[in-house]
Each structure stands twice: as structure tokens, then as C-alpha cells.
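Before anything else, here is the set of structures, which you'll find just below.
Here chain A shows up in two complexes: once beside chain B, once beside chain C.
Coming up: the complex of A and B.
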């Protein structure tokens, strides 16, 4: 594809904390639907976004069991973004900062997410059409 | 002339840093650059009718293209036909367009 672009994003917020995560996922979804190649470098708490052991839970206050509550899980959103990119002819490559993973014991990531170093972010930035760093506040 | 995409996700009532970010946008535009300030999440709150603009008017006056994320505006009950002059509602596509264009992009 002539207009195929490669964009790199770096995110740092953990799941269930900041609207920034949702906004970045909206950007990724939009770009994935264009068939772009996408790189995501997850740093700090963001390495927990694709953590495979996230599980749905009941909500006694709502009177819902786990299925009825249907609590959204960030790992499913990440998996969905990877699939959306693939479906539209692009790819989404996700790297978790290895040290951040070790600190948090977040070793089990869903398929499509791998371990790396900040050096990978630097390489991606060199190779991409653009890079957006989304820091914590 | 450089092209900049600045993304502001916070409102100026939360932290004074946002006014500094507005000043950065204005300064870049006054220096002759093409600047887009994309307001997202609570960043759109100054666009509510009757809200204090807290420096955002200077940004508009300096020639910055100030855009408010449609989704964020809807979430916060801000009608798009009541936005102050100089702030335009826009889909998040604009951010992806400008990233793909290769603009210098900063999430403030």
C-alpha cells in the first residue's frame, strides 16, 4: 500500500487508571483501520495492560455475577487492536519494557505482546513516520 | 515553518501547567509555525459555554488551530454548536492524519 504508514506510540499508564489509555486505544484503533503498521512500547504500569491473568469478577453491589457484570478487560482490548490491525492489512507490534515487567511480576502477556527494552523504542522511532510519547502526570 | 500537533488532555482548572502549555502553543504560532492544539478528555472543558477560557483565548488569537475531540465533547455534554468562536469540534481522525503527515507531535 503506497500510503501505508508506521506509527509508534509509547504509553505508561496502568489499566483502570487514566482516560489517556482509552484515548490512545482510540488512536490505535483509528490507525489500525487504515491498515497502518503500529508499534506500541509499554513502559511502567502500562505493561499490565496485556497481562493475561486479568479476569472478570462479579459485582455484589450491582447484584451481578461475573458474566452479567461483563467487566471490560484491557487485555481483551489489546487483543482486539492486534486483530483489527491484521484484518485491515497492517500489524500491531507490542513490546513491554522488560524491567517494568520484572518489577511488577507481569510476565504473562497475551499472544502478540513481547518483552523488550527502551532501545526497541529508539529503533522504532528511527524507523517510523512518527512517534507519540504519552507520559504519566 | 514547522508543523506542530499539540495534544492537551487536562483542563486549566486542574493545574496551572495547562496555561503554560497554552503559552507554548501560542508562542509556536506567533513564531510563524503551523500549530494544531487538539483538546481531548477534560481538555475540552474550557469549551463549555460560560466557562472561563483561562488563556485559551490568547491561543485562538495567535492563530493556533484549536480543535475539540468530538467524543470528549459528547461525553461531557458540551453541544458542538455552542463552542466559542475559534474552537472547532473534530474527530480523532485528525490526530492520526497529522501524525501520519509527520508533524512534530507532543502530548502535553
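Coming up: the complex of A and C.
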């Protein structure tokens, strides 16, 4: 694809407490389906998004066991976004801020997500068509 | 590439991190060769006020030894030749006078924003 875009996103929020992350995932999904090359720099709590030890649970209020509830896990969404990008001829590269990982003990990330530094964000931004920072509020 | 860091989310996790993450990443990326300036707006204009003291926090027996020094962190940005601006409307709304601001901080009006923004390749809003 001659006009393939490269977009960089920086996310700052962890899973579950707010809606910004889901909004970013919607944008990533849309861009992945267009075959764009995508970079995600996870900063602060966002390093927990691809944490591999997330697990599903039953939900008594819903009357569901764990299988019926099929609770959404951000790590699965990240994995699916990586696969979707690949399927459509693009790529999704994910870097967790290493110091943020250390602070949170979030060392176990799913495949496709690696450790990096703010220097990676700057390098990506220089190589991208545009960069979207999604700070926390 | 030149980027303007627009920071308006203030005093969020500054105790735990002992700094502000948007200010911190500005220092870190500058160290990696980034060309950045900073515009403080909203409550974040207070980062540019001299003489802040967040010391004294104690939870149980744990005393915080390295409290955040936001004014010092902003002064260090200026020391690295990063232009630091604050919206004058936002300082005025919070009763912050020019004399209270760190030396080197430039007060700009929100009406100047389009002109200022046009000098940058990208705007990153934290």
C-alpha cells in the first residue's frame, strides 16, 4: 500500500477505571482494519493493559459462571488488535514504559508487547504521520 | 520535528511519582534528543509558581523523603532551553501574579494560541 499511514498513540490510563482506553482501542481497531502501521507507547497505568496474568471471573450479579460471563480482558483486546493489524497488512507494535512496568510489577506482558523508554516514543513520533497523546484526567 | 507539550492535567499522581509524568517525559525525551516546548494551562499553571513545598507526607511509619518539586522541575526545563509558557488568563483566574512565577516562564494569552500552535509540527495534549 503506497499511502499506508503510520500512526503513533500514547496511552496513559490503566484498564477498567475510565472510558478513554476503550476509545483509543476503537481508534486502533479502525486504523488496523485500514492496514495502517500502528505504534502504541503505554505510559503509567497503561502498562497494565497487556499484563498477561489478567483472568476472567464469574459474575454472581449477572448469574453467570466464568465461561458465561466471558469477561473482557484488555490483554486479549491488545492481542486481537495486533492480529487484526497483521491480517490487514499492517502491524501494531506495543512498547511499555519500562520504569512504569517496574513500579507496578507488571513485568509479564503478552507476546508482541515489549519494554522501552520515552526515547522510543520520540523516535516513533518522528517516523509517524501523526501522533495522538491520550493523557489521563 | 518540534512538538508543543500542552499540560493541563495537574497534581495527578505527583505524590506517588514524586514528579508530574508529563513534565518527567518531557525531560526524558529531551535527553533523547527531542525538540520540545511546554505550555501549562488550567490547574497546571501552578507548576510554574515559585517556592512550592510538598514535604511532610507520612503514612504510618513511612515518611516521603523525596517529595515532588514541581517548580524545580519546571525551572530545570527552562535550564535545558525549553520554552515554558503559561496562559495568563489561567494564572489570573487562580490569583497567581507575575512575581510569583519562576524566572523565564512566559505568560501568553489564549488569544495567541493559534499563532503559537502554528510554530509547531505537532501538539501533544497531556
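We take it that the second predicted complex is superposed on the first by the 137 of 137 C-alpha atoms of A that agree within 3 Å, B and C clash if a C-alpha of one lies under 4 Å from a C-alpha of the other, contacts with A are read in each partner's own complex, and residues count from 1 in each chain.
Going forward, a residue touches a chain if its C-beta (ideal position, glycine included) is under 8 Å from a C-beta of that chain, and two chains touch if they have at least 3 such contacts.
Worth saying up front: this structure is predicted, and the values here are computed from it rather than measured.
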item	value
Which of chain B and chain C A:112 touches, first, second, both or neither	neither
Partner chain in contact with A:58 - chain B first, chain C second, else both or neither	neither
Which of chain B and chain C A:12 touches, first, second, both or neither	second
Partner chain(s) touched by A:98 [first = chain B, second = chain C, both, neither]	neither
First (chain B), second (chain C), both or neither touched by A:130	both
On chain A, the residue positions that both chain B and chain C contact, one per complex	130-131, 133, 135, 137
In the complex, chain B residues that touch chain A	7, 9-10, 40-42, 69, 71, 92-93, 95-96, 99-100, 102-103, 105, 107
In the complex, chain C residues that touch chain A	1, 3, 9, 12-13, 21-22, 25, 28-29, 31-34, 122, 124-126
Touching residues on chain A, where the partner in the complex is chain B	5, 7, 19-20, 23, 26-27, 30-31, 34, 36, 129-135, 137
Touch list for chain A against partner chain C, complex	10, 12, 43-44, 117-119, 121-123, 125-126, 130-131, 133, 135-137
